[in-house]
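What follows is subunit A paired twice: with subunit B in the first complex and subunit C in the second.
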Partner chain A sequence: MASLIKNIKSSFRKMTTSIKTFFWDMRRAFNARKKKIGAYLDKKNLNLATKFPGWARALIYLSPALIVLSVFTFWPIINSFRLMLYEGYNMSNNTITGYTIFGNFIKVINDESFLFAASHTEGTAVMNTLIIVFISVPVSIFLSLFISVALNGIKPLKGFFQTIYFLPYVTNTIAIGLVIAYMFKADGGLVNELFGLGKFSWVEQGAEYWRSMFVLIFYATWGTLAFKIMVFLTSIQGIDKQYYQAAAIDATPRRRIFSRITVPLISPMIFYILVTSVIGAFKIYNQIVALFGVTGRPAGANYTMQSIVMYIYQYIDGGGNNLSIAAAGSLILFGIILVLTLVQMQASKKRVHY
Partner chain B sequence: MELRLENLTKIFTNKTGTDTTAVDDLSITIDSGTLVGLLGPSGCGKSTTLFMIAGLLKPTRGKIFFGEDDVTKLAPEKRGIGLVFQNYALYPHMTVYKNIMFPLENMDVPRDEAIQRVKEMADLVGIGTMLDRKPAQLSGGQQQRVAIARALVKKPRVLLLDEPLSNLDARLRLQMREEIKRIQRETGITTVFVTHDQEEAMSISDKMVVLNFGVEQQYSAPQEMYNTPANLFVAKFLGNPPINSFEADVKDGAVIFNDQKFMQFKEVKDGSYIIGIRPEHFRVAEKDSKDKIKVDIKEIFHVGRDTMIHFELNGQNIRALVDSDSVGDNDKSVELTCKRKRLYVFDKDTGKVINHG
Partner chain C sequence: MNRDLFKKSNNLEKITFIFDAFAIIAYITLFLVFFGMLIYPIDPTTNEVILEELEFFFPTYEFIGANIGYAQMNLIISILVIFMIISVPMFVINVKKLKSRTIYEVDSYVAGSKFTNAIINLLSFNIGGFVLRIWNMFILVEFVKGYKPKDFFKSIIPAIKAKFSKLTTKKEKIDESEYDDATYTLKKNIRRQNIAHVLRLLLTYLFLVFMALIIVIPFYWMILTSLKDFTGATSTSPEFFIGLSRMNWINFKVVLEELNFGLYIRNTITVAIFSTIGTIITTILSAYAFARIEFKGRELLFTILIMTMMIPGELYIITNFITVSKNGLGWVGTENNSYFLAMIIPFITSISFIFFLRQNFKQIPESLYKAARIDGCSDFKYLTRVMVPIASPTIFTITILNVFSSWNAYIWPRIITGVGGEEGKQYWLISNALRDTAFVQDNGRVMYNLQIAASTLVTVPLLIVFFAFRKYIMNGIGRSGTKG
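Moving on, here comes the complex of A and B:
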């Protein structure tokens, strides 16, 4: 038995040695080839470093990223500006009936399901999105801050709890949505059972607007907690322990340590999370589809849970003849996000300590 | 405020269960209003001692008294101490003013008085004009002053300084040394000061404690410790250039250097000992001097007003710092002597000094 183990060990060692040798030789061969090519290019006077000026070289090195970004990002952005200017665009034969500057915007803004509802009293794409953004973002940031401070404070089972809180990040959004929908089921759902609410309808037939909205915000908040906790926890762990020791000696209460030391010291991270999660929340789509389906409307409801992105999708879907409206909608979304981000950057100047 | 440590012991246990005794049965009393230096090589337990006084570390055994109060079990914030950290730990996002104000915010002090105290303290440490700046806009010495002001503004019972000068350049260090001494004198606060720099400790302390492996080696005034070291460790740790230490036999009470009798010590029994003589305690012997030894000069260096001579005693390289007029450049040999009480005889095993007290 012992000799067998010895044999296995020695053959394993031989194997690793030969693999390492292989990679070593590969690297040598590669370097030799590189030298050869370099010498050839020098001879032909094609050397990148000497032949081209700096800006041209930069462009060559950037080209892979630039090409991909152009095809999938820059061109679509330009296209949406172009589409926004068309009137009566028909995708199948690529014809238009005329041009307009504000026409498509006016159409979108006058749309009852976009900004101001006419017949029904609750729920338009913009109102829904704004409610989600202005509730879920602050709530999730505060919650994740407290959770990460608490996680940083505990010693036993630290890794276990960190894993628990990080799980939503690696779980499929739609799958979580189905679980959440099941938890809030009227008949035998976990929430109703737990709080003894009977057959209280949250997201199904007969659910009121604010109940659906509550579940959606709960879901949106919880789903984004994981990443925030991870970012905050790592930045809290990066704070020098001596600040806390100094504060302890000065008899600083916990509340003040949190507000006067921890928060200011990780303020750049909080700001980063704030900006990215406002943008992320404005783009909410998956969560609504998971809870209410592609129509964004709970069964039998007279209101809609649609978000701005869902509104845009709806017009992309419709045979391609309403692309101009979708383009105008996405530019409005872009405008809102841009303005909000600028406001945040301005407001943060005094409160963020780099 | 008198500060008393009784049998203070700290044992760290690492993950594999090995015990390390950082501080071993330390008992010292620090008189009210004095500045005491905790001195020792790195890892000797001096910072551990300081953090135990601060309450940031819990002693394994022993007690700490502030005056008559037993503070051993008291949380750091209830002890009334001011602590200056090695890297100052100033809050980077607060101005100097807010940094100094911070400890007062947690105390029951009227706002007017708090502002008054911050200003007074800032003036005392000499940063009164920089209250609006952030720590990053200050030099190391200025940051140090802010840290001291922050520690003192709440009028602590004891001020603790953890290697406060180690992050400063040589010139600033000298300046801040005097500043700390001045501030301590003006406020009359009992101060404990940790350092590994013997020169720093000697120049600033009223009394100092030398630690090695957590064990107290000697506790006395700096000059007294320098002149009458309790053991070989203290003798070697203090002084620059370091003390000469070498083996020598004692026969009939006389120390034997290079097979010659040098000096009589009646209290020393015959045997083999370690002898210690500081380089500057050698001097060139007068003609009629009784105890002298003739040595062959190996090398000679002139360092300003002194001359450094290298020679051999009992097979060991020895340095002597003598008056530059007393020895010529071409001298091949010289007769040296030293004062009786400046020659230390140490026990070979324990390192304890034998010929003093």
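Moving on, here comes the complex of A and C:
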């Protein structure tokens, strides 16, 4: 019995080694052929690998990305300026009725759901977006700063808390949005039950503008907290320990350590987060869809929760009947983001130093 | 140090893993069998589920000759799910521990953890694992303390007595009146500082726990609601806990089979896989070109790419919609639609990932490249053999982030599939399906439990991926933030 197993083992080993040697031989032969061809090409001065200049080699590597980018990134940028100049563009047969310079912009700005609300409704795309940006961004930055400082100060359970705070980052926005809407349900929702509010409606029929806005801001803050905590914690952990030791010798109070050491030393990160989260908040869309549906209007409400992005998409949705207005709207959004970014960059040049 | 005992313990642990693996396979197969047995009320004429009767439908199932009631069935499936949740991470952690453990790290705590693992094995009906782990515990006890099993049992009672007596003997009280004034104030200050320290820690933990609750409650409420029946989900005074036998696993089956979420999840996985493969290939190639190949206008081209990152995606979507539809590439809105192409191709490259990876490639020392060139290594070989392995953590982070963003995609798939009407519904991704599926009964009442069950189905795979690659993902996010 033992000899049989030995036999099988040895024959198996022989088989594998013969297969291996066969492949190695193949490879060796292939490489020899390659070398020969390379030498021949070198002799005739035709070797592409050495003859090609840098840009040609780069082009080979860049071409897959550049082809996709030129069709789906660069062309759209040019095309939106073209679309903006069209009047009555019809997507299905690719015809226009005329040209205009500022006509589409004027249409967007005069639209009562974009900038200034009509008397019988509340909330416009721009106003809603601005409210969300100016409340959710500062709140989430302050909260995440406090949380990351608190996390940095503890030892046991640190990894556990870190993992929990990271959870909102790895979720589907629509899925959790549905859960949040369900939690804020008037009849038997968790929030009303916990705080004993009775049948207080937040996002459904009968809700007021500010209640809906509260839920939206709560969800927007909840979802963006994870990334900020992570980034702040990483940068706080990167601060040199000597600063804290020096402060400890001087018996500096905690509050001053926070305001004089931690915050100034991670101020570049805070500004980076500020820029990205303001831009992110301006593009808010999925959260509103999850809470209030595609129209951004709770059932039977006389107000709208639309954001700028949602305003743009309503013209693409359903076959794209007025893409010129959508293009004008998205250019306005781009303008706002550009201005904010430039302002913040200027501010950060002056303020961020240590 | 008895090396033989250590080796013996490790080998025994390896054999235990076989039992563990068998147990896990058994749990999964049993779960699939029982989950497959679940039935829901079906309308004989239309062959569709009757949502109104779902909560009043209590069938009995037959399994190898035994009759199982509705509640018992739910109990069995709940227990199996709990077993899976406990045993799979335990298995993975144990395998990792065994790989990294050296002989110097073994102490009595390791033996203790063997014992707890054995108890968990016993509770989850993994008898083989239980017996072997107990045996392993005795080996470890002998390794650490030198006790044979007999001595070990004898030593338990004296050890407990010693511990107990330590607790009961009080510290000698120090007479404070003996101190002089300086020592007294010093002691007082130290005590005050200690109290302040403890209070501060307590407040910190309270704050952290409070915020963690706010983060976790939506997840808890989601999972809880997805297991309730319709009455429970819409009742005016919701319950905060439900028993194992009242968990309606049928909700998930209805969502998967009757509301087509199986199809939507498949669609999403297809889109995620192909767009991720595309992204990885194009990103690696172009990041390499920007990091290593020198050519005229490199910095200019790169700056242009970076500048486009500021432009909002909505601006692209308008034109891209025209590009993929009838008057452009004709992927949608024509007779032979290819929705998948339209959903994948625009997303097979990403400027931010190119930027991220280029930064990583640039940190690899130039001398490596020169050495490789001298040895006759071609550019492409250098990329695949040297750079990609070195930058593999970053590439992995990019993969995960890309999969997450495909899983989250809402607006582009909505626009694309919206063109197709009824046909387009077959190509919905999960986010679209979640938002646009009508979870309503015929009388117009929303089936919240099914809606939330669908949300759970969408969220749980992400959470599993997250917990499996937690360190990679969290480090990657932290680094990507600091780099940007």
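One rule holds in what follows: the second predicted complex is superposed on the first by the 288 of 354 C-alpha atoms of A that agree within 3 Å, B and C clash if a C-alpha of one lies under 4 Å from a C-alpha of the other, contacts with A are read in each partner's own complex, and residues count from 1 in each chain.
Throughout what follows, a contact is a pair of C-beta atoms (placed from the backbone, for glycine too) under 8 Å apart; a residue touches a chain by one contact, two chains touch by 3 or more.
Just so it is clear, the structure is predicted and the values come from calculations on it, not from any experiment.
Chemist: With the two structures overlaid on subunit A, would subunit B and subunit C clash, or do they fit side by side?
Modeler: Superposition check on subunit A shows subunit B and subunit C fit without a clash.
Chemist: Touch test for A:248: subunit B only (first), subunit C only (second), both, or neither?
Modeler: So A:248 only meets subunit B here.
Chemist: Touch test for A:84: subunit B only (first), subunit C only (second), both, or neither?
Modeler: So A:84 meets neither subunit B nor subunit C here.
Chemist: By the touch definition at the top of the document, which applies to A:264: first (subunit B), second (subunit C), both, or neither?
Modeler: Touch partner of A:264: subunit B, not subunit C.
Chemist: So, A:240: does it touch subunit B (first), subunit C (second), both, or neither?
Modeler: A:240 contacts subunit B only, not subunit C.
Chemist: Which chain, subunit B or subunit C, is in touch with more residues of subunit A?
Modeler: C
Chemist: Classify the contacts of A:167 with the two partner chains as first (subunit B alone), second (subunit C alone), both, or neither.
Modeler: The second partner, subunit C, only.
Chemist: For A:338, decide between first (touching subunit B), second (touching subunit C), both and neither.
Modeler: second
Chemist: Which of the two partners, first being subunit B and second being subunit C, lies in contact with A:213: first, second, both, or neither?
Modeler: So A:213 meets neither subunit B nor subunit C here.
Chemist: Enter the shortest inter-chain Cα distance between subunit B and subunit C once the structures share a common frame, rounded to whole Å.
Modeler: So the smallest C-alpha to C-alpha spacing between these two chains is 5 Å.
Chemist: Applying the document's contact rule, which stretches of subunit C touch subunit A when the two form their complex?
Modeler: Against subunit A, the touching part of subunit C is residues 200-201, 204-205, 207-208, 211-212, 214-219, 221-222, 225, 234-238, 281-283, 285-286, 288-289, 293-298, 305, 308, 310-323, 325-327, 345-346, 348-349, 351, 354, 378-379, 404, 407-408, 410-411, 414-415, 418-419, 430-431, 434-435, 448, 451-452, 454-456, 458-459, 462-463, 465-466, 470, 473-474, 477-479, 481-482, 484.
Chemist: Within the complex, which stretch of subunit B touches subunit A?
Modeler: These residues of subunit B touch subunit A: 54-56, 75-78, 81-83, 85, 87, 89, 91-94, 102-103, 105-107, 150, 154.
Chemist: For subunit A, which residues count as touching subunit C in their complex?
Modeler: Those residues of subunit A that touch subunit C are 49, 53-55, 57-58, 61-62, 64-66, 68-69, 71-77, 79-80, 83, 91-94, 143, 146-147, 150-151, 153-154, 157, 161-176, 178-180, 182-183, 187-190, 193, 222, 225, 227, 230-231, 233-235, 238, 254, 269, 272-273, 276, 279, 282-283, 285-286, 289-290, 293-294, 309, 312-313, 316-320, 323, 326-327, 330-331, 333-334, 337-338, 341.
Chemist: Using the touch rule from the top, collect the residues of subunit A that touch subunit B in their complex.
Modeler: Residues 240, 242-243, 245-253, 256, 260-261, 264-265, 267, 353.
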